[in-house]
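Look for subunit A in each of the two complexes below; its partner is subunit B in the first and subunit C in the second.
On to the complex of A and B.
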């Protein structure tokens, strides 16, 4: 499988997206999926979405990005984390 | 006790955050139950982050100081306080003598208030404990007493929980995040301002009918949301004001464009460096979460998260995009202002996010609330800048003597640190006692009239029932 890029977005590209990105990285490593992770601010999504395969965001994102968008909140609250990881894996295998 | 703390402060000041913080973080992580290898890596990562942040601040200072001096010379405008941005403020706060203790202090305050049934929020956002440490480090700079700083940090941890509980219903409803609250001091402090301004607008015929369309704002002002482009444009504008008469055309072009690219670089690199700091804190914050969860039992709680989760909302984005040029204009025309805005123009969404539920997402009202907050902010920043700069020096940041003073919108523009600093400056320990009484008093009033306070923060009456259903569904799905 070709290495796919996950773009993780939050308000700053620093705080919550780092938590989510590191959680995704660990989990995907365990599942044997090799990925490229990038982080950005929600306001940068329209110009960066083109380079990504899947978008995970902890904050609302604009419509019409043309890529699958997955809510990253479960990584922060710990509620529903496994289901979200499955969702990401499914989107990557598409 | 005081002499012990004073000795401690001397040792801390001598070692500096690049050496001491890794050691402290290693032990905190171990105590909270992280694996030794992970704890060790976390500590070293944090030391590296501080070196990285210092490098970028150096770059920003060389570039911005030169421009600032040239602008003063050219225009006679007295703008000598540079906005170094929240990443610098966070690094200063964590690198200060208070920063070393803020994580255990924040956890203890949260556990006590949670078990005592005062708060409903479990603040898992350990990263943003830096706001508590920031207020504390300003106090240490003002009074020289580490005890003052530590107590203030503890009080701020409590205040953040009050704001979180107060706005929880409104945030959950408006931003559609069930079970979440936002104990983020820099975002929450707008709440009273927003409630007052919104009330005034509501009473003013004409003003109260105004609405604005968010999507067209995002299209037209989108460039203000991209830090690198924003940095480039501001750099070029500041460069033009400062250097238009610096020599022949080629000298001017070179100076202006290099200022632009320098500031674009800072806008991108500074947050990257702080990201390393954040990575180092993840093992600590994971361990802290486990630690507190274990002790808080089964009671129904809100998970306290960073307001970064709110920032993508169209109302927050649209209002802050418009506030960027307005803020720059204000920095030029406000009489007596000394601040040059730069790095924190990118985080205005954090300042206005919690005004959104109060204003029911009305972008026009959010902009007015933002303008009021920023207007006060410029003068607060002017008053706090000497302490801010001292705190930065105390945390070993390379700020040259006789150079400009520094500030940041988050948290240098905020009324909370200003009120605390002023009270303690005039009344000493008595000031801290007053802060304690104000927070405790507000909490008592809040708990007695919870529904009224929640509605003021923007919660609706009908949605409460709906939300309870939604929350229980989420819980059942687990």
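On to the complex of A and C.
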């Protein structure tokens, strides 16, 4: 599988997306999937989405990004985390 | 020299812990905590206003199983050095959900984050994530009657 890029977004690109990116990196490594991770602010998504395969965001994102968008809050709250990882893996394998 | 990994305990200051804060709005809580961080020299005078305005457009409430939490923060430009201020609320204050700004959550614990370096503060952020996922520990935090008890529960 070609190495794919996950763009992780939050409000400031400093706090929650850092936790989410680190959790995704660890989990995908465990699943044997090699990925490239980038972090950004949700407001930067329209200009950065083109270079990403999957977007994971803890905040609402603008419409029309043209890429699958997956909710990242489960990495903070723990609620629904396994299902979210499956969703990310499925989107990466698409 | 090895780089120190900064954890939650390193970023807490007893002067910025407010157990049982009586507050009626999210702006009360953010202002009370933010002024403490300002007083101990962790943030600039612009910090509180910046957090308040960001909370209005990009809220930070986190829906959990029983006790909801909020983690207000803002851009690093307003921060002098990293710190975390914490308030617990006997009467919940509403914050909008980070994921859905139209969903309002009654929040009992507020972690006000002053962050300036995502790589060095990752450990602290992971500790907060682990802590809020630990229901019994979160209950002990909400129930902490004084600063010392709250400090011990947070720094454990």
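We take it that the second predicted complex is superposed on the first by the 94 of 94 C-alpha atoms of A that agree within 3 Å, B and C clash if a C-alpha of one lies under 4 Å from a C-alpha of the other, contacts with A are read in each partner's own complex, and residues count from 1 in each chain.
Throughout what follows, contacts are C-beta pairs under 8 Å (C-beta built on N, C-alpha and C of every residue); 3 or more make two chains touch, one makes a residue touch a chain.
Given the structure is predicted, the values throughout are model-derived calculations rather than measurements.
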Touching partner for A:46 - first (subunit B), second (subunit C), both, neither: first
Which superposed partner A:61 touches (first subunit B, second subunit C, both, neither): first
Touched partner set for A:75, first subunit B, second subunit C, both or neither: second
Partner, of subunit C and subunit B, that touches more residues belonging to subunit A: B
Subunit C-contacting residues of subunit A that also contact subunit B: 11-16, 18-19, 22, 39, 42, 58-60, 73, 76-79
Interfacial residue positions of subunit B with respect to subunit A in the complex: 87, 124, 127-128, 175, 177, 179-180, 218, 222, 225-227, 271, 274-275, 278-279, 282, 285, 289, 303, 305-314, 317, 321, 346-347, 349-350, 474, 477-478
Subunit A - residues contacting subunit B, complex: 9-19, 22, 39, 41-44, 46-47, 57-62, 73, 76-80
Contacting residues of subunit C [partner subunit A, same complex]: 54, 58, 60, 62-65, 71, 73-76, 98-101, 113, 115-116, 118-119, 121-122, 125-126, 129, 132-133
In the complex with subunit C, residue positions of subunit A that touch it: 11-16, 18-19, 22, 39, 42, 58-60, 71, 73, 75-79
